[in-house]
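Chain nomenclature is as follows: A, B, C, D, E and F, assigned in order of appearance, with residue numbering initiated at 1 for each chain independently.
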Amino acid sequence: YAVFHPTGGKIGMVNGLSVIGDRSGLMLPIAAEAAPAQSTREGKIIATGKLGEIAKESVQNVSALIKKHTGTDISQYDIHVQFLQTYDGVEGDSASVSIAAAVISAIEEIPADQTVALTGSLSVRGDVLPIGGATSKIEAAAEAGIKKVIIPRSNMKDVMIEKKYEEEVEIIPVDTLSDVLENILIEGSKKSKLVEKMKAIGTAVTKVPEGVNNSYNTPNKS
Amino acid sequence: YAVFHPTGGKIGMVNGLSVIGDRSGLMLPIAAEAAPAQSTREGKIIATGKLGEIAKESVQNVSALIKKHTGTDISQYDIHVQFLQTYDGVEGDSASVSIAAAVISAIEEIPADQTVALTGSLSVRGDVLPIGGATSKIEAAAEAGIKKVIIPRSNMKDVMIEKKYEEEVEIIPVDTLSDVLENILIEGSKKSKLVEKMKAIGTAVTKVPEGVNNSYNTPNKS
Amino acid sequence: YAVFHPTGGKIGMVNGLSVIGDRSGLMLPIAAEAAPAQSTREGKIIATGKLGEIAKESVQNVSALIKKHTGTDISQYDIHVQFLQTYDGVEGDSASVSIAAAVISAIEEIPADQTVALTGSLSVRGDVLPIGGATSKIEAAAEAGIKKVIIPRSNMKDVMIEKKYEEEVEIIPVDTLSDVLENILIEGSKKSKLVEKMKAIGTAVTKVPEGVNNSYNTPNKS
Amino acid sequence: YAVFHPTGGKIGMVNGLSVIGDRSGLMLPIAAEAAPAQSTREGKIIATGKLGEIAKESVQNVSALIKKHTGTDISQYDIHVQFLQTYDGVEGDSASVSIAAAVISAIEEIPADQTVALTGSLSVRGDVLPIGGATSKIEAAAEAGIKKVIIPRSNMKDVMIEKKYEEEVEIIPVDTLSDVLENILIEGSKKSKLVEKMKAIGTAVTKVPEGVNNSYNTPNKS
Amino acid sequence: YAVFHPTGGKIGMVNGLSVIGDRSGLMLPIAAEAAPAQSTREGKIIATGKLGEIAKESVQNVSALIKKHTGTDISQYDIHVQFLQTYDGVEGDSASVSIAAAVISAIEEIPADQTVALTGSLSVRGDVLPIGGATSKIEAAAEAGIKKVIIPRSNMKDVMIEKKYEEEVEIIPVDTLSDVLENILIEGSKKSKLVEKMKAIGTAVTKVPEGVNNSYNTPNKS
Amino acid sequence: YAVFHPTGGKIGMVNGLSVIGDRSGLMLPIAAEAAPAQSTREGKIIATGKLGEIAKESVQNVSALIKKHTGTDISQYDIHVQFLQTYDGVEGDSASVSIAAAVISAIEEIPADQTVALTGSLSVRGDVLPIGGATSKIEAAAEAGIKKVIIPRSNMKDVMIEKKYEEEVEIIPVDTLSDVLENILIEGSKKSKLVEKMKAIGTAVTKVPEGVNNSYNTPNKS
């Protein structure tokens, strides 16, 4: 049963991508909702089924980042993640950025662009790490009427889509969660503020200070 | 042992529908009760047996929605769900709207119409998602004396009931939890107030703002 | 080892009934005790062995009803249920009314009539639902010297006891938990007050209001 | 390794009895200690090994009774139970009165008589219920130098000890936990006060009031 | 990899003894650390691996004793126990006194004598109970350069060490935890104070009062 | 997919080392993040996959040390550990110092030197204990462009690297966690302060006081 609407924006709904069987790509619509926590002690992550584990992983990674960069304490919420179209053998991205995006859309009540699909793994530090089956996923998205596909920058070199899809879908490489939100959330003042705060995310490379003696010493060095 | 009374209204009792074996439809009477929570920390969902998991799923989805839209904190309650007539091999709807309706009827103490049966899956955002075996379920309901069957709108196209049932039972397509409550709860002021609050549920589609540059940009776009 | 005393009243002790093997009936003496909860957070239900699960189910159902109708917060108690005579293969009633009665007797410190035996399943709304093996159970009770057997009203039609037992035992059909307590607890002011409060239990059938338009409407009805 | 000292009194140490293999009796020395609870929330019962479960059962049953009758809140304690001499295949009494006695001795700091051995099962209402292997246990106790053996009254009819043991050991039948404590704890003011409080334990049989109409009535009685 | 230093004193490090395979003795160096508890509710015992269970047992037994006799509430700590040299098939003492000693050394910050090795089981009442393989353990200790070995007094009769070891190692029999600490902790004021408090440990034998009627009576004695 | 950048400094990212299969060495990049705890009760350690257990062990050991020596209460944090490049059959160091270093880098927000790799096991007292496969690990590090490898001092005697690697990589032996931090964290004032506090770590050997009578005495010494 198709639950797919590639038009406009919807709060708490994003189009993820997965692979199945012989590496065919598949749309993976995700719904998320956040409600004030039932328990006075801490919010829960409620996600069932085979993909429940990657949902929990995703929410755990993104909650650390949200807490740290926006001040929003998502432990005050019970977060519900639901996959609206799964099949036996479907494999989702571990710590999926799609799930992270759906949850943020639900909590912040900012609509997510239904013409966009995403794939990528979120690291605990907010980087978007590479995934498998990038090409198959992009093609499945194009077939479904999707206009833009967000993928990890490190997967760009893997992508070889057929000519017939090139015209139909725009591929957007990203490095961090902040880039993902920039490209999936519908424009507006709430979105701008959020993306601004999240810009700090990502593993910046510090240059080692000049002139410091970098020959480390330990007692009894041999 | 039949526990079935297709007449009048009863608090906390609804007629769900399930399938069994070779896709035969089956009445699935459900009883629900809410009592002030035993634990000072949080309310529990108590549902045993094979269908216990879908009961928990249903209550979790509906509790998020109730909390958000009516302010009722159902974590203050221990919610009991009981299936009064189950058989080996029975399969219920995942995140069943029937269970959600029984729980709401019990908490709000609004009677549920015993001449109505329901089937449908509740999404975490309050949409009623399609289920399987719609035709078999409607026929089983008709056989049991039911007058109206509530089904997900997206299942309407699947329904092909025999002529002999057409006269006997009215089919009511719904989109959201709000629609379900409108059609299952007995008329009265408590019902009207509740349905009004729940009208906000559902995944509204936002039109993307005109005039905004929707060509997304990310650093180093290729 | 017989622990059976069919005479007088005892607090916290009731004679339940079970079946075993080839549907032979069996006495199932039950002892219950309630002590102020050990944990500051919530009371526990302590019941071991094969029948431990039905004990927990019974106490959960009855605790909801007690809380709601008498105000007694049984979560302040640790409730202990013990079966004094079990055998391999014994099968008790799910959510047994016998256990519920023993627990209420213990908490309220009202003696239970030892000349009475009971069988029945307690629904979450306080109805006494039908069980199996009614005839065998009544006969086993008679053999043990029991004078009255309480059974669910919906099982009355199943009962066919031998002529020799007809004279010895009185069969009492019941509909709700309130009826059960009326017939098992020993007369006195404590009992009267309790039964009075519990009378509200049971799934009353509301008549649908006259004159209301019961043709439900939903947007886009087909 | 014998850890057995059949002389004098020791706090927290009692001589239980068990059976092994072909129903041979065996001494089962038990050590118990109570320390202020580690957790701020509730005390624990710490007992490992095969007999750990019966230890927990015993402590749960006796804690309900202690709380109710002496006011001592044993949930403020972590209770440790240790079996000092176990073998593969050893079987202890379920909800053993020996363990209950050791725990009470430890909490109240009243020495237990080392010349006494015990066997029996404690019901949740404080009755001492029958056990198996009474004769073998008494003989094993006599062999070990024990002077008195406490057994459930309902086992008295089973006992047939050999003439050579009759002179050596005194058999003491008991009905309740109060009787057990009377016979195992060393005389002194602390003991007297405790036994006095515990005398209320046991399932007293209430006589049904005279002149009351005992013909029960329920609506629609058939 | 040998982590063994038989010289001087170290906080939180003791030399335990174990057996392996065909009853060969083996050094079992143990490290322990106590840090203020992470959880506001209670301290944890963190010990992994095959010997993790005996570590937990040991800490539970000793925590009851420490709480009771020194007032130190070790539930305010997270206690970490680590075995620095284990092999498949190694068997440690249940409720090992070595672990207890390491933990006390860490909490009290009193160094433990590295020239001493220990073996023994700690009862919940603070007695040192006998263990197996005493001779093999002493010999392994001697081989490793250990000067003194602490063993349970009840194992003294089992010990038959070869003449060549007699000169090298001193065997010290103990009865209680207090004796163990006296012999393992390095001399100083902190040690003296601690040992003094712990002297109350151990199962003192009370003499039964003279002149009391020790013929117990129970109602209906037969 | 290589996630490896052997240049500059990054907060929360360290290059660990592991072995796989036939003792081949392998880079094991580790990411860690600390966010204010979700639960009001205690922080969690979130680490999934096969190496999740050694991650938890590492964080537990280091949290005891951090709490004790820096006052930082890491139980106020949820700590996330992620392995960015694992394969079936990979084996990490138990209680890995690499994980400990990544976590400290994340909590203290001090960059870790990306040109350095580490291997070693952290004891509960802060010592760096020996590991296996030192040579293979060093060679794998050199192959990946690493400039310095930190190893446990007790492994120095095992190391035999090929001539071609000798010029490329500097081997740094360490004894304690403090040494590890000295060599992995990027120079700056935050680093200096931290290393200073951690210097107390390690198992200092106390000299036994002179002139004390070290002949221990116990009652009844034989």
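Rule of thumb we're sticking to: contacts are C-beta pairs under 8 Å (C-beta built on N, C-alpha and C of every residue); 3 or more make two chains touch, one makes a residue touch a chain.
Just so it is clear, the structure is predicted and the values come from calculations on it, not from any experiment.
Within the contact network of the assembly, the step distance from subunit C to subunit D comes to 1.
Superposing subunit A on subunit F by their CA atoms means rotating through 60 degrees, a value rounded to the nearest 5.
For the self-contact between subunit E and subunit F, the two sides draw on mostly distinct residue numbers; the shared fraction is below half. Chain centres here are Cα averages; for subunit D and subunit E they lie 30 Å apart. Computed from the mean C-alpha positions, the centre of subunit A lies at a distance of 53 Å from the centre of subunit C. Shared interface positions of subunit C, defined as residues touching 2 or more other chains, are 41. One full turn of the ring, starting with subunit A and passing subunit F second, gives A, F, E, D, C, B. Touching subunit B in their complex are the following residues of subunit A: 1, 3, 5, 7-13, 31-41, 46, 48, 78, 80-82, 84, 111, 113-114, 148, 153, 156, 172-175, 179, 182-183, 186-188.
Interface residues of subunit A facing subunit F in the complex, by the touch rule stated above, are 41-43, 57, 60-61, 63-65, 67-68, 73-75, 123-125, 127, 129-130, 154, 203-209, 212, 214, 216, 218-222.
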